[in-house]
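So that you can tell them apart, the chains are marked A, B, C, D, E and F in the order they are listed, and the count of residues begins at 1 in each.
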Amino acid sequence: MTLQQHWESGRAVLNGWLSVPAGFATELMARQGWDSLTVDMQHGLVDYSGLVPMLTAMAAADVIPMVRVPWFDPGIVMKSIDAGALGVICPMINSRQEAEAFVSCLRYAPRGRRSYGPIRAALVHGADYARRADDMVTGFAMIETRAALEAIDEIVSIPELDAVYIGPNDLALSLGEAPRFDPEASPVYDAILHILARAKHHGKRAAVHTGSPAYARKMVAAGFDLVTVGSDAAFIAQGAAAAVQAFRGG
Amino acid sequence: MTLQQHWESGRAVLNGWLSVPAGFATELMARQGWDSLTVDMQHGLVDYSGLVPMLTAMAAADVIPMVRVPWFDPGIVMKSIDAGALGVICPMINSRQEAEAFVSCLRYAPRGRRSYGPIRAALVHGADYARRADDMVTGFAMIETRAALEAIDEIVSIPELDAVYIGPNDLALSLGEAPRFDPEASPVYDAILHILARAKHHGKRAAVHTGSPAYARKMVAAGFDLVTVGSDAAFIAQGAAAAVQAFRGG
Amino acid sequence: MTLQQHWESGRAVLNGWLSVPAGFATELMARQGWDSLTVDMQHGLVDYSGLVPMLTAMAAADVIPMVRVPWFDPGIVMKSIDAGALGVICPMINSRQEAEAFVSCLRYAPRGRRSYGPIRAALVHGADYARRADDMVTGFAMIETRAALEAIDEIVSIPELDAVYIGPNDLALSLGEAPRFDPEASPVYDAILHILARAKHHGKRAAVHTGSPAYARKMVAAGFDLVTVGSDAAFIAQGAAAAVQAFRGG
Amino acid sequence: MTLQQHWESGRAVLNGWLSVPAGFATELMARQGWDSLTVDMQHGLVDYSGLVPMLTAMAAADVIPMVRVPWFDPGIVMKSIDAGALGVICPMINSRQEAEAFVSCLRYAPRGRRSYGPIRAALVHGADYARRADDMVTGFAMIETRAALEAIDEIVSIPELDAVYIGPNDLALSLGEAPRFDPEASPVYDAILHILARAKHHGKRAAVHTGSPAYARKMVAAGFDLVTVGSDAAFIAQGAAAAVQAFRGG
Amino acid sequence: MTLQQHWESGRAVLNGWLSVPAGFATELMARQGWDSLTVDMQHGLVDYSGLVPMLTAMAAADVIPMVRVPWFDPGIVMKSIDAGALGVICPMINSRQEAEAFVSCLRYAPRGRRSYGPIRAALVHGADYARRADDMVTGFAMIETRAALEAIDEIVSIPELDAVYIGPNDLALSLGEAPRFDPEASPVYDAILHILARAKHHGKRAAVHTGSPAYARKMVAAGFDLVTVGSDAAFIAQGAAAAVQAFRGG
Amino acid sequence: MTLQQHWESGRAVLNGWLSVPAGFATELMARQGWDSLTVDMQHGLVDYSGLVPMLTAMAAADVIPMVRVPWFDPGIVMKSIDAGALGVICPMINSRQEAEAFVSCLRYAPRGRRSYGPIRAALVHGADYARRADDMVTGFAMIETRAALEAIDEIVSIPELDAVYIGPNDLALSLGEAPRFDPEASPVYDAILHILARAKHHGKRAAVHTGSPAYARKMVAAGFDLVTVGSDAAFIAQGAAAAVQAFRGG
């Protein structure tokens, strides 16, 4: 299933986050009920050689495979989708020009400049992948700086752009606040709602990174199409800390 | 610090469990307050090539490195301690003969038959490791079958044996019960306390695998010297399931 | 699907062979129509750390995961099924005693001595895996020496043994012939049919390694329940050699 | 042997293609008679950590080591040749400026800007590698878009450029056709011959990716200096599909 | 400890170099008394997937973790510091613009554009890492071309730049000399001292790559703050060559 | 070249030792003039998955590939020679029975019980490998305990045994001395010469592990056929320690 097909059902996408480079960790995550999982190649401890077994691990479960690339670079964007990712989140898109450069990597000519060779994607997504790929892959431009905020309409009005993804931590830093998840009643919160509104105005999907299921539900209620909650790394650290504390006599 | 040194403080050892073959997962675990961590090479998704980066990840944190070997085999027992493990848990020790074969691998001649070459252990545990190794390494014979239960005094009376480790799931299967953690008021529970008593009678340490901090505390109160609670894999699966459920409208 | 479930359909199992330690090579194999794939940990360039990504790669395709262990050892047999293998082929089973030692590793107490902890198997084969595992896993004893031939009735009459697997190359060496696939009208051929007959007499499944689809069809017609044809390594070498020859002026 | 030395013999180079990140798969390929092998870091499932063992695998066989980088980036171009590649194919070179940026990475000052440190290359290609490297490494600019076609004379007239490499699939997409190998009597075919002619006019080598030995022979007859046929991934998929079909009774 | 903290002690940093992608090789290096170790992702056989276990190996020893990135790219610079590097050396900085682009990746807004997510760095460098990171990470711009030499004052006057790192081999090539370590009485030597003087004039730290402890001592006497001597790869090759020669009858 | 072929030249074999699991470290070693290199799977940080790239790295250099297995186990002995090792050193052979069990794994029926499937060995050692393998592979039984010393004639008189390999450290421990290399005028030294004499008496090759080229030369003069000097790990540690000391002002 693609993100577009999921959205056609009218439901928001619940996305999990992967920072641990181990296929088995991904398999553990992939069978817990997420709609999609994103391999974080930016801040996670994962590069391309770690990505492939994680995508393989996802293929056996009913979960949509996504990646966040480390930074905009046509090579890694195209390698990720050739490897089978159906969603690509690109960090730090700050202008229309950067957004256009990104989305052009997701579509074959004449719509873009993606190079032809969907070696694993065609294997796992069906014999007609090559023909349908332009519509199967969803690109998310991360909006997480003041510059991006100021250029928001220029960015979300790009026809080939599918969606925006809001990173609250970097957005907070850029707006002069401390980084934290799940902001409320603050300039960052206002910015998040503003980005959502502009994306919707231009008919684009909007996604946001959250720190709790409760905030994620609130963001879905506000109109977001995809919300990210939790990560394999956080579950390990939090679960272990809680167990140790419970034993120590907390 | 070794297990023996920890025990000299009078406190039980809180042990965490590692089944995910990723150094970063181990680093996340190693900094949450455990006294020791055990790489499970038996049921975990880990073999020797996965073990080494996990031991390396532990070396930077104040945690005692342990392994459970897949099955009794002198090669993997010795490779594990050469790689730096200070505790070795050996599954399915069912007789005095098997226990003696196991513990002989942990000590150099004349006390045992460990082959000389502590390549990483000497690097990370100090220049005098080779001289002190016989006393730095702790061996745990797993008592987890009816046969072992029947031979318990023959096993725990072996001079070079340091400790026993109780696996409640296999013990339950062997006694005709369903496998489950944290038994109460059952033949398995009685067996656990009996093993503990016989180990203590012969001056040996005793350890038990548990399914919760509360049960672990109870086992420490009962006299156990080491209790295992939780695992990286379980924390991922449980944390993810809880987040998904909370979002879905739990 | 398990091997037993497949066999209940009345069809023989077409098994492919994996010697290249790469998840992507396995994915390429897994989507070509095989009923099962076997990771060859004996002669293939694969050990446990290579096995896991290959099993993961199989999980996404409709193919039954199998392994051949390097040699009989309880540790690797149990690790393989904990990792999710549903079929285990064990080399060089030459006596009833060896066969019993092997099959006891495949079943939990009271039927056997498998240790409890089906960490990945339970994740990918369903929540009731632990309860049903004894019937989901199929063990194949390799019959490939004169000694095994002579003990064939003692071996195939073991209740917990599911199947035999014939290795024609080693059988030929043991009978004084040159190793080769697909023997005809020879002592090895006679031995193959004899093993098949004795297995069938005792109600066991029989499998054979072949060198061509044509011979495999013949063996199915003769009554074999599983036939192995080809391997990833052979396909690379043969495909490349043919292309080079065709170019060089074939 | 270098590509230049091979070409001095008057023979075209028969190149094989590698998409599977496994040293053993490369060893299987490297001993089948190819003149050169190319690790495809663009569409193959390979990144730098996968590349090195593949180059090592080639070193033992009489085959010229080449890479296709994922995209133009000085870092990966230089890392590839430091690791021992003697040929580098760079995708999507669409202008003289891009071609100059690429080839400058292949030569030390004063001819280019390659940074000094040929750590593995000097180990495997001889003590005088550093002195001779500028002439030992061959760079191929991929010509695979309409823009490149229009700039072909500006590109192939660059003194430091050694060769062009034609990607028929992307060229077809860029010219409005469906991607396919081995075009005949079409605008893509005309474009291929045009690129060949312009390269030859400027004294450059020309290479083309093909889908069959027969077409490759035809392209050599047309004047191409290097032709690529087949890949490890294709040989696995095609060999397996053929075996399954033959067995099924196709 | 950070580089800045070390320098506050008034002593120069003795830096070792890592080119072998193996955690154990790093552990061997990390316990020999170096102040810092640098993973060479440019000319070493290491990429990001190799880097992480090497940083982990350093964490257990009292050594400052550094990296040299392959080439300037915001993605790999930020990934390296998120993974825990406290020093980053960037090759081929030839202008003020390039230097500013580099150093902006090392600091969070408002001082720079580093994206927030110090996943492993915060784990190993303390809970207050995120708040203190801007001052904990040290960036070195490599000065190794004639262009950089000519722009030296424009580069070293950048406020956020911490240090320069001189690569004598590339500098020699760029100035028309043969690459060699430890130059004396030559234009390269004069250039090295000139760069040192200009860095010091602007209050910046200066580092240089050397080929011997003696030259390194001389450079420290000349005022350098960090000197690199030797590498894991060189120690293997030199040690082995010496042993073979001694045996052969040297 | 095989060990037997080398010995036919009348020269002793100079063997290097590998403990670092990295193909590049092996390549650095393999090009320094050793006659053979041994991957130490017993005390080195290497298992089978690490072994294969190291054997691949050796294949390109004129060096004989050897392994030391972790412990006697038919599976790993056969896997090592299938992977291409031409020499196998087996630790802790203490009786004729153990020696016979070991050497039977090295030869096909009727000489032994090696299972047929020389997948990589046949690829790299020539098309006639399978036919000639029994004579191409050399087995070394390690004599390193008092028990082995006492059974020396029973061991070295086994027809299929090719050679003995003396481990001075374990031999010293077993004889009640401290482990050290290069013993002189001691019971261990006497034992070494005695083992040599008995091996020669029975027409077997003899090998010894040494700590210096000088001692190795002495042992060759005494009649040893193979001497081991140095290791990749030792060269790193010693080279680094010497450089640091030289810098610190030693």
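Definition applied: a residue touches a chain if its C-beta (ideal position, glycine included) is under 8 Å from a C-beta of that chain, and two chains touch if they have at least 3 such contacts.
Quantities reported herein were computed from a predicted structural model and do not represent experimental measurements.
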Task: Neighbouring chains shared between subunit B and subunit E, ordered by label - done: A, F
Open item on the list: Please compute the angle of the rotation superposing subunit E on subunit F (C-alpha atoms), rounded to a multiple of 5 degrees.
Closed with: 180
- [ ] Check the residue numbers that subunit C and subunit F use where they touch, and answer same if over half are used by both copies, otherwise different.
- [x] different
TODO: Tell me which chain's centre, taken as the mean of its C-alpha atoms, is farthest from subunit F.
DONE: A
Task: Distance from subunit D to subunit A - Cα centre to Cα centre, in angstrom - done: 34
Open item on the list: I'd like to verify one number: the distance from the centre of subunit B to the centre of subunit D, where each centre is the average of its C-alpha atoms, in whole angstrom.
Closed with: 52
- [ ] Please report how many Å separate the Cα centroid of subunit D from that of subunit F, as a whole number.
- [x] 41
Task: Overlap residues in subunit F, where contacts from two or more other chains coincide - done: 19, 21, 24, 28, 45, 47, 49, 52, 73, 76, 120, 233
Task: Inter-chain touch pairs (all) - done: A-B, A-C, A-D, A-E, B-C, B-E, B-F, C-D, C-F, D-E, D-F, E-F
Open item on the list: Per the contact definition, I'd like the list of subunit D residues that touch subunit C in the complex.
Closed with: 14, 16, 19-22, 24-25, 28-29, 32-34, 45, 213-214, 216-217, 227, 229-230, 232-241, 243-249
Task: Touching residues on subunit D, where the partner in the complex is subunit A - done: 19, 21, 40, 42-45, 47, 49-50, 69-71, 73, 76, 91-92, 144-145, 167, 169-170, 173-174, 176, 179, 233
TODO: Provide the residue numbers of subunit A that touch subunit C in the complex, in ascending order.
DONE: 23-24, 27-28, 31, 52-53, 56-57, 59-60, 120, 123-124
TODO: Show which residues of subunit F lie in contact with subunit C when the two form their complex.
DONE: 47-49, 52, 73-76, 78-79, 82-83, 108-110, 113, 115-120, 130
